[in-house]
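Which chain is which? They are A, B, C, D and E, in the order written, and residues in each are numbered from 1.
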Amino acid sequence: MTRSKHVDFWKNSLIGLVFVFLYLPILVIIVFSFNTSKLNILFKGFTFKWYALVFHNVQIMSALENTLIVGIISTALATIIGTLGAIGMQKYNFPGKAILDKVLYIPIVIPEVVLGIALLSIYSLAGIPLSLFSLILAHVTFCIPFVVLTVRSRLVGIDQTLEEAALDLGATPLKAFIQVLLPLLIPGIISGAGFSFALSIDDVIISFFTTGPASTTFPLQVYAMVKTGITPEINAISTLMMLVIVVGIAANAIFQVSKLKRSKRK
Amino acid sequence: MEKSIDSENVPITKTKSHYFSKTLIKWGQILPISIWMLLLVVIPLMYVLIMSFMSRDFYGGIVYKFTLSNFAQVFAGQNLKIYAQSIGIGAVSTVVCLLIAYPFAMFIAQKGPVAKTILMALVVVPSVSNSLVRLFSWITLLRKTGVVNTTLEHLGIIHHPLSMVYNTGGIVLGMVYLLLMFMIIPIFNSLDRIDHNLIEAAEDLGATKWQILKEIVIPLSKPGIFAGCIMVFIPSLGYFFVSDVMGGGTSTMMGNLIENQFQTSRNWPLGSAISVMLIVLTLVLLVLFQRRGGDMADLGGR
Amino acid sequence: MTDMKEMIRLSSIKKNYGDVKIIKDLNFTVYEGEFLTMLGPSGCGKTTTLRMIAGFEEPTSGEIMLNEKPVSNLPPYKRKINTVFQNYALFPHLTVAQNVGFGLKMAGVPKVKRGPQVEKMLKLVQLEGYGNRKLDQLSGGQKQRIAIARALINHPQVLLLDEPLSALDLKLRKQMQLELKRLQRKLGITFVYVTHDQEEALMMSDRIAVMNKGHLEQIADPRTLYEQPKTCFVANFIGESNIFYGKVSEITKTDTKVTIENGYLTLQSDKPVFEKQIVNIVIRPEKVKFSTTEVPGFHIPATVAEHYYAGNVNKSVLRLPNGMALKMTSAGDQKLPEIGKSGFVYWELADAILIKTTSDDVFKAVDNPDFSMVNQMGGD
Amino acid sequence: MTDMKEMIRLSSIKKNYGDVKIIKDLNFTVYEGEFLTMLGPSGCGKTTTLRMIAGFEEPTSGEIMLNEKPVSNLPPYKRKINTVFQNYALFPHLTVAQNVGFGLKMAGVPKVKRGPQVEKMLKLVQLEGYGNRKLDQLSGGQKQRIAIARALINHPQVLLLDEPLSALDLKLRKQMQLELKRLQRKLGITFVYVTHDQEEALMMSDRIAVMNKGHLEQIADPRTLYEQPKTCFVANFIGESNIFYGKVSEITKTDTKVTIENGYLTLQSDKPVFEKQIVNIVIRPEKVKFSTTEVPGFHIPATVAEHYYAGNVNKSVLRLPNGMALKMTSAGDQKLPEIGKSGFVYWELADAILIKTTSDDVFKAVDNPDFSMVNQMGGD
Amino acid sequence: AKHSKTLNVIGWSEYVPQSVLDRFTKETGVKINYTSYSDPDEMLSKVLSSANGTYDMVLAPGMYVQILRKLGRLDKLDKAEIPNYQNLSQTALNEPYDKFNQYSAPYLGTVMGIAYNAKKVKTPIKSYQDLLKPEFKDSLVTVEDSRAVVGCALMATGHKINDTSKAALADASKYLAKLKPNIKIFDGSSPKTSLINGEVSAGLIYGGEIALAMQNNPDIKVVYPKEPVYFAYDVFMKLKKAPNGTNVDKFINYMLAPKTSVKFSEAFPYYNPNKQAVKLLPKKLRDNPAVTVPNNVLARSQTVLNLGKETTKIDKVWNDFKGDQ
């Protein structure tokens, strides 16, 4: 018994260390967002000023705005196209299905640079100007596969006969979809959308190649600043963004855990 | 018995449209994704392939004239060195990720369902904040006048600041930091999927803890390990910004090479040729992965 | 039967999946108010047939008639047929009442009107007051009943049930069998029921269609199937049987002799066979009798090989001189002959079932694990 | 039994998960070479008990003895006990031979020596030459046999089998039952077998331990359990039964009268009861007889309510004057009285099984769906 | 787009202060999207690969006037809209890349000097050759600018900055090969940072960056090698079919106003060719040799010109230098 406690201690220590590794940089971001000094070396004093300043920084704000525009539109498009695609691919056989299935993995596995330059090349060939539009096309492209994957993993858990049951009970195919399949898919769709949004707002490489002068996103803005040194303003806005997203995730996690607990009690 | 197909049955034949609308629904689901993937994945990549056999004019324009010279350049000595170095960095990062992720995922997989859910969520949470900002935190911490060096010097533990970033080690650190979760998730999933009965069965048959690990757990989690390795190794080759930020620009990944050809040297055909090599390498790894019984869905990081 | 109204008729139905022929020329009729069961081993095409009737699949060729009208062009939601799915297929995101009322909602019945009807259906399946429950608060049997209530709310002319009880445990299954049967009698709705459990089929059905590898082996009422199986497959699939393979060697006024391996069997003389005909003879285990002393009339020497106690009955294995094992069932409280004891098996000549058959059919029977098992045991 | 060697003994075993008492004071002994079956409904604690014997779980209190030595401190791999898991738990990444040889490999037996032993085990389970196959090339029954071969290779003194056949379909299950039984006889190894299928338990076991809600209801050989159940639970769980609840009202020289609702039953006079005692009386359906004319001796008036044909038997439901439904089983070829006909039920007095019981026990029996079903049917 | 309200500029990073851009926006209502690059080739790439009209104007080294003109990508400036052009000093005008000042307006001038941390570097640096010393192993920073760095190498080995002869390039390559082990960081955007925070002890970097480093860390000093030095103007150019063409002229005029010029010169203290602005500069900047390049240094300076196809040779030298470890 004591031996196993010993073992548990070492196991938990390793888990703890890995989490320290993962979270240390985040701690740095947060701490230095309150630092009076701009230099990010020593903590000179506590201040909120960067939080105020960042909202007056036109560049950062416009980059954030671009990021959100691209993130929201790409997520919406990718979610719709990906969800429909996942359902269609599960339900039907059609020529080229096997190929489409493989193609969907390409954006996931090939290095992002390759997709980035491929899109840049095709835009250049087709005369599509680099802009928010071109950026959205690119983001939708790499988000779709993740939506398909999450929705599909949810779909396999959904009994196919449910839709048939609905048809059997007099629902038209559209009603069956809206009344039965969609409500059941919602968690998968939401997590696919969440995944897409997270990917989109953090993308550096593909955006790097497909962005235009008026569509600099937050990550690209940061990339441009990295060499000079990231200012506490960036730390401040990053802290705020994290706060928003973490609250979302935590709410979801609490929901999941309580669901787990409920089902365990059964 | 007598079939009375009369006017009464006419409405029934009208509902033939039912099959028409069925077809409409089917293609309404399949076409958008198919067309999107065709236009924005298949054709662009085909174009890259075509470009890799084309020539360039001086200012970077593409001349549609077949040549193999790009591939000759791809295999030029100095490029080979970069591949070797890039693959080296990728491989080391992959191994480091594996060594950290495997025990970590295993210990988490041994926990109860609630703890598991929470801990795995915590693995993903850092990725919600900007990668570059997080990467830069390491610079803040580890550069010569960074938090760590300054503190250590203050404490008199060191007298000359340690060189921890802006070198190859820095790149590996950056890669490991950004990609670790892509190793953890598939390994965790594969471990979590292992039927606990199998472990008890092994125990029942006289296996010790180590034997169980060696004979049952590791072999059964191989698909996860392989998936993790792919998800770390392949992107690492392309993550040019990591070597930019963490490596001071002196070390180059294949991604930097491609980026250079497209962004500065304006040699798109050469950049395409290198990309084609990268695509081929990826495909080879994927084929191996599938041959080994890997599940492609594991590559999605879910 | 001819004066009954036809409800469903399958004419020359064929169904291929790709190149594979799943259903091969299926023809049968279901009459109004009948409880018809489709019985057959896994993969024989029962579900496929049901799905064609429901409209989820199109036959590759042939015609399905509902109420004497072809339905090929009717989508599922326009057929007055409802289905109870094997795994219930209840909507997990809806409450019990919402599940039951789904059909009404789809038909555009306003909410206020749905309530009483839902409650009526719940009462029918003895689940009054369960309307607000979530599905995960229900037991398997309760879910089953909800599925039935849901399927019945639109007053279908036909109810299709695909192995509705297979997910339930034995005791519950037996209980639900009775309940279902009672419900069908009460409502008078036509039931097309699918199962691969022969006991269930026997107990519940007016008629049983025995299917095998995509074709119909025999369709008849339970007693006819059990007592006059037309093929070895049916004999073997319904109830237990001992099957002999032989050739008619002699037909006299009083009896007919059939030569089997190392011996012969006697049949009643009225069986319509001719000399040299190859036949199978089926004896049900409960008709087999054993005596240590020679009995008058037909008998074969045999040795007692094994006994198994099964509560109300004893199951015995007897070994014939040629090594073949013969199953015998006797009452549980009956005294059993000792293992190893020699004696004679015999049966009423009228109990021997004659199957006029080709040798092909015999091998089919031998493929059956239960049958081959006995021979295997006899062999070692 | 007392002269047999004790193999496993459970003394006052209790097991809690958190606050929930899963096993409540379990005591029984398994003798060497015995085929002991643990039978009970789902969730009654069979698996938990097996896992404690195997060593995967520790009892909360009590002692388990193996070979008359306590094993509490022995980890699973040091007990000479092996397990055949419910879902086989075969190692999917290994071949058949590697699976079977796993135990030897763990024991450090070199590869060359493992080969012949593996082949021997495969032969034992009739799978010679299957060594190089991958698991996904095997059928369910073959996997089952591999699991057995794997468990047997280390020559355990006891083999634990947790519902080893539950994943197989009916025909295959019946075949494997016979094979398992044969194997156990051949090897003489002690088997502790878990099932919730009473028929399986009856056919295979030397003795059966009937469990219910974490305690032992009765442990005995199959015939005793069937013919002399000690509790209503056992009577109901093993075989079908009609259960009456009543009070001993009169004891005379020739017989004993028990008052039931609206009437009375007669028992043989030798039953050890006293007046005013509350008892249950169990009649097996196959002992129930029906006659349209009054029979001499004990009888109760009844009406024929329903018939179900089950091939070799007919199942009937008879209604008593108090509304209670009585199950009756008769031979399949016997002529059945018409439904609605009135007459009399009767049975041999010796066939009535007396259960001396508290009223608590009755309610337990009433909880049983099969039992409540009958009453329910009687009630409407 | 007559009354367009945006202006898409592509220019050096760390070169135009945001506050200056913001003021222009405030005054005119024109929003500026400033895309930055850290290597002029990157700019060229972006301009060439994007559709016409993606960018309105470029801020890049003077030689790019030649390149972009050759590619037909430039429009003439509308000088009438740029009265402040007259504020420019004569020395910055009529440069070989734009003999008649039709296509460009100079912004700031860049000299490549050697910056060092006096605390870490004890022996004085006098020549490019001194950078090859082993004591500098892994402790130099240099800009990511092929023409500038290869140019310095050419000058270090006694050649002209625009010499692409085999022999000259071979010498330059040799010099760079020896320099390589000493380089820790290539940084085109902000080489000062690594100097300031002590990551490197010396570097071959742009004058303005040196001046900034000196402001932030008093230990940083500047020195010009005895050999010729690199000097180049960064100029504004108007791209062809610029949808916001009139805004380009307006913006250039705004940038050439002394008031504005002082602002960006203070923020990025490069050599300022605006005579009116220089007068207004604080003394500290005027006296800093990194900003106000001494005349003798200017006298021995050389400037890069477009070399046409020969550029590939420089590219090769550069790539060998950067890529090879």
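Some notes on this structure:
Just so it is clear, a contact is a pair of C-beta atoms (placed from the backbone, for glycine too) under 8 Å apart; a residue touches a chain by one contact, two chains touch by 3 or more.
A quick map from chain label to UniProt name: C, D = Spermidine/putrescine import ATP-binding protein PotA.
The structure displayed is predicted, hence computed values, not measured ones.
The set of chains touching chain A and also touching chain D is given as B, C. When every pair of chains is scored by its C-beta contact pairs, the maximum goes to A-B.
One finds 54 Å separating the Cα centroids of chain B and chain D. If each chain is reduced to the centroid of its CA atoms, chain B and chain E end up 38 Å from each other.
Separation between the centroids of chain D and chain E, computed from CA atoms only, is 91 Å. One simple way to say how far apart two chains are is to compare their mean CA positions; for chain C and chain D this gives 27 Å. Across the assembly, chain A contributes 41, 120 as residues in contact with two or more other chains. Within chain D, no positions touching two or more other chains are listed. Looking at chain E, residues 49, 187, 197 sit in touch with two or more other chains. Listed in rising order, the residues of chain B touching chain A in the complex are 21-22, 25-26, 28-30, 32-34, 36-37, 40-45, 47-48, 51, 100, 103-104, 107-108, 110, 113-114, 117-119, 121-138, 140-141, 145-147, 150, 177, 180-181, 230-231, 234-235, 237-241, 244-245, 254-255, 258-259, 262-263, 268, 271-272, 275, 278-279, 282, 286, 296-297, 299-302.
Note for the complex: chain B touches chain D at residues 195, 197-198, 200-208, 211, 215-216, 219-220, 222.
Chain A contributes residues 39, 41, 57-59, 120, 124, 127-131, 212-214, 216, 224, 227-229 to its touches with chain E in the complex. On the chain E side of its complex with chain B, the touching residues are 39, 41-42, 44-46, 48-49, 67, 71, 138, 144, 183-187, 194, 197-199, 308-309, 311-312, 315, 319-320, 322-325. Chain C contributes residues 42, 141, 169-172, 174-175, 178-179, 181-182, 197-199, 202-204, 222-223, 226-227, 238-240, 284-286, 308-312, 315, 329, 331-333, 368-370, 373, 377 to its touches with chain D in the complex.
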